[in-house]
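Note sheet for the following structure.
Chain lettering (A, B, C and D) follows the sequence in which the chains are written, and residue indices restart at 1 in each chain.
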Amino acid sequence: MNTADFPANLHGIIPPVVTPLTPDFEVDEASLRRVLRHLLEGGVHGLFLLGSTSEVVFMDAPQRREVLRIAVDEVVGRVPLLAGVIDPTTDRVIAHARDAREAGVDGLVVTAPFYARTSQTEIVEHFRAVHEAVGLPIMAYDIPVCVQVKLERPTLRQMRREGLIVGLKDSSGDDTNFRLLARECADDPEFRMFTGSELMVDTAFMVGAHGCVPGLGNVDPAAYVALYDAARREDWREARQIQERLIRVFAVALQGTPRTSAGASGVGGFKAAMRLLGLITHHHMNRPNLPLNDQEMERVRAILEAEELLVHA
Amino acid sequence: MNTADFPANLHGIIPPVVTPLTPDFEVDEASLRRVLRHLLEGGVHGLFLLGSTSEVVFMDAPQRREVLRIAVDEVVGRVPLLAGVIDPTTDRVIAHARDAREAGVDGLVVTAPFYARTSQTEIVEHFRAVHEAVGLPIMAYDIPVCVQVKLERPTLRQMRREGLIVGLKDSSGDDTNFRLLARECADDPEFRMFTGSELMVDTAFMVGAHGCVPGLGNVDPAAYVALYDAARREDWREARQIQERLIRVFAVALQGTPRTSAGASGVGGFKAAMRLLGLITHHHMNRPNLPLNDQEMERVRAILEAEELLVHA
Amino acid sequence: MNTADFPANLHGIIPPVVTPLTPDFEVDEASLRRVLRHLLEGGVHGLFLLGSTSEVVFMDAPQRREVLRIAVDEVVGRVPLLAGVIDPTTDRVIAHARDAREAGVDGLVVTAPFYARTSQTEIVEHFRAVHEAVGLPIMAYDIPVCVQVKLERPTLRQMRREGLIVGLKDSSGDDTNFRLLARECADDPEFRMFTGSELMVDTAFMVGAHGCVPGLGNVDPAAYVALYDAARREDWREARQIQERLIRVFAVALQGTPRTSAGASGVGGFKAAMRLLGLITHHHMNRPNLPLNDQEMERVRAILEAEELLVHA
Amino acid sequence: MNTADFPANLHGIIPPVVTPLTPDFEVDEASLRRVLRHLLEGGVHGLFLLGSTSEVVFMDAPQRREVLRIAVDEVVGRVPLLAGVIDPTTDRVIAHARDAREAGVDGLVVTAPFYARTSQTEIVEHFRAVHEAVGLPIMAYDIPVCVQVKLERPTLRQMRREGLIVGLKDSSGDDTNFRLLARECADDPEFRMFTGSELMVDTAFMVGAHGCVPGLGNVDPAAYVALYDAARREDWREARQIQERLIRVFAVALQGTPRTSAGASGVGGFKAAMRLLGLITHHHMNRPNLPLNDQEMERVRAILEAEELLVHA
């Protein structure tokens, strides 16, 4: 999609872009540029920088600005750029949001505050403060597994009606609630519903999603774009077939556990696959996440070969 | 206690120091100095800057440095200073830890990573990295309600044996587990067990705590010091009597709910009481926490008068 | 479906039959027979007696036998009958299972033990003991919200391979896990996957469900049968349309909260609707569940009229 | 204590009596009588039959009646007898309660409903219905780990004020809440607060408990009685010393995990110890709980020997 349509027509596949690292934990610019080109060539409809999959909470402000600088420079307006502005509390989020606006992104992705526990009323105030301070379109990001609190339906409803948010990225895993939200927002053509699931994308489109933010899209963006195209044609048999294959590819994200945390296994698995595909130079994550070891890398390689993403050497 | 004894003899009442704010959300230096003097005059045995009660996760690095600069300057070595270095991930924690060392504190307080989900193994690596990078004594801070993960007993045992930590601040609310840990560490005279509870301090001392980090200690430090002294004399009747009175005073922390979050009611209630006591100029917290309103302030005033912390006007 | 196909071909819409009560909390036989005829006329493919929606845990053994006696007598083999044998522990479940076999049902539905906390190994032993004692085909019932423990994928896999269970009724609300299970069982043509959701039936069929156990099917069985037929034709547009209407009808289950518990609002709402439809004489549930009051009944009536299940008087 | 004082003066050590089983899972009368005599000789102040530790939810009504018949016959009024009447829902609880009254017990112990989810209002109605139907004094039993719902403070307050309950057995593990409740009830001399913890008994007495229901009391009742006596003298050093030894003895309850569930390890560990002490003939529990194996039994034996409950052979 063209950025001119943003945010009213935000849709499709918007992967959360993995952040490649140098051995000393700085942003690996060359690798990041390769990743961005890979995604654009895959036909994605937008890019989500500095999300959970991007290891955003591991990065300080200069590193975050560096990622955005590279992305804006590489993408030059071909697709909308969303930037996660994720940190525990309101004023720190606003500082990141100003940096992101300065960098030239098109929209922001904002979670509820975390570590500090806040009420639903205070969550609305949080979004209101960011909205008023920065002015960019905001997607609400519901990710209770990371922030310990749900963006409840009445909270989202209020923020939508007051114009504080233009859409939702739902990584709550509660598909029933997502559907009920999608129905509720169906009268509001400009409100955009995105699922953060990689594994239930066909059904998410069937119940009304406008788009998807798949971490696995870093590995195989074209497949997610094809899935989206099939869904738009209401060719659910095709959509399901693509999804079933992507579920098999998703096994790359499961090879580290239980030796590592699920988080390190997931993003670490994407990075391992991307390194094997020649997209990035190193596959380690930020500390304290443990990197996949050689044995786990071999299992990732086998999965990529089995799904013909990699030719057997 | 004298800083010369630190960390081997860390003990007693070490309040988490509230951070007074100016109307534009900066550190209110004059108020903070009054608070620090109030605590020292109350006889506290140490000070914990930049803890949860200090709104640490609302502050950026310059604000945190400002708090530590003021504290080091005001306290001039009379008691040990601990600094919370609390942020989601390892390298960001290390950056804060270096600032804290530079400022001249005596020890650090470190939580598990948060937002990012980590395994117990990765948590050990997190503490190891901070320990190796900075070298100051580290208290582990168990606060699952904020970071979503428990510092499990085997994890603490490993970190203790490897010399990564010198003590524990337990804000988990699991008193049975605290007791079992205290028994386990009884053979290790230098490992220090602190409870973060305000309401179970007498019993915590009875089961082996070396000290307490009471948020309510900002309001009435002398009473907590008296409680500690009674516990050291094993005068449990006296200890309990003081605790029972402090439970009544703790009602100042309950006046905001359910209008505000429990967090805003708690720290906000301490701040309200401290303002009424003439210690700080403003009682608001950082955004998005809602401040106590006038009606709630009046209830706080009534509690302080009933407990003779404030004379009825 | 014919019982001759059972269990190998179990499929379709198998509602959990509501248990109508007399004013003194006994089974209302006349009403129950009307409900059963209503369901058969709706075209359902089987009946699940004594499930959660049937208030099974409120009933003692004689009441449960009474329900099964009436059902077997009324249905006379036209569709398979499944009986929930739900109580906290193994031998009590076996006693109910023997009663159910005696009554003449075709299969059993068994949860994990509850109140007593058991390991996944002990859960397998539980199912094994029931299987060995009674011999009827068993559906595993995953309902962690009631029994506090999940039937984990390896547990289900083991029980399936050992022939202890012939299918799964999934009321866990974890649609991703359901899909992964369905994929895993796709090589086993006789293993039957049923969803307990009322609101995600179209998508459940899309990802591989063989059938559905919708509580709301008591109110409008024909609509669920039509949804199933559309899914079998892979007419997902039609399936979704029916599902969307049924989501609107499901509002009957939401009128009691927050005055009552969600459970009392749900089953109580079905009963209220069924009373308004002339199927049952009384709409109260067993104690301590509060019945819908007059105002809530009026809201249920309005929903039924809006969805043309009831003609506006 | 004498039953004449009941319930107004209920106090002290009231163990939840383990239910010894025959190889075919019936009540082992000879063993149960030995256990009851052992407890009375240990000086306990009351007996709690048919609690969680008694495996109550594994027993049907005839087995429960059998336990009560034996207990009433063996104890002949020397101490008050409380009977757990624990099953998922109101009318089933009332049926057990009538049996218990018929058997001649002095009071009942009632949990919130379980499996069925109920609101706090419905929980009050549950207790009211049992109270009105049976008339015996009722202890509320707060055990959220088994029934998934907390008896909240306002709920307990209402039931206490309406005279529905005479006391609380708190197995919630929330010691802070227990203390706040004890303070709240301090103006009501007849309301009785019992802790279900085995490991925090000294501190529970210090904060206002009237008594304790220790599962480990089956193994060493005299030690708990001595702990209680020390607490009454306010000899907290002695109380703590006894408690610390009992924490070491409690290791018998930890030898089964992770091979068994924690529940099977706990009650199974008590039974193993009691068998080694010659009190009961078999140590297995009801199905599906796995019994301790020989290796685990040897570890239990070593613990008993180390604590001089058993002489080294």
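By definition in this document, a residue touches a chain if its C-beta (ideal position, glycine included) is under 8 Å from a C-beta of that chain, and two chains touch if they have at least 3 such contacts.
Small disclaimer: the values here were computed from a predicted structure and weren't measured.
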Greatest Cα-centroid separation from chain C: which chain? B
Taking all residue numbers at the chain A/chain B interface, are over half used by both copies (same) or under half (different)? same
For the Cα fit of chain C against chain D, please give the angle of the superposing rotation, nearest 5 degrees. 180
Measuring from the mean C-alpha position of chain B to the mean C-alpha position of chain D, what distance in angstrom results? 37
Round to the nearest whole Å and give the separation of the Cα centres of chain B and chain C. 51
Using the contact rule from the top, write out all pairs of chains that touch. A-B, A-C, B-D, C-D
Within their complex, chain A touches chain B through residues 25, 52, 55, 57-58, 60, 86-92, 95, 113-119, 121-123, 125-126, 129, 145-148, 258-264, 286-290
Which chain D residues qualify as touching chain B in the complex? 173-176, 179-180, 183, 197, 199-200, 202-203, 206-207, 234, 236-237, 240, 244, 247
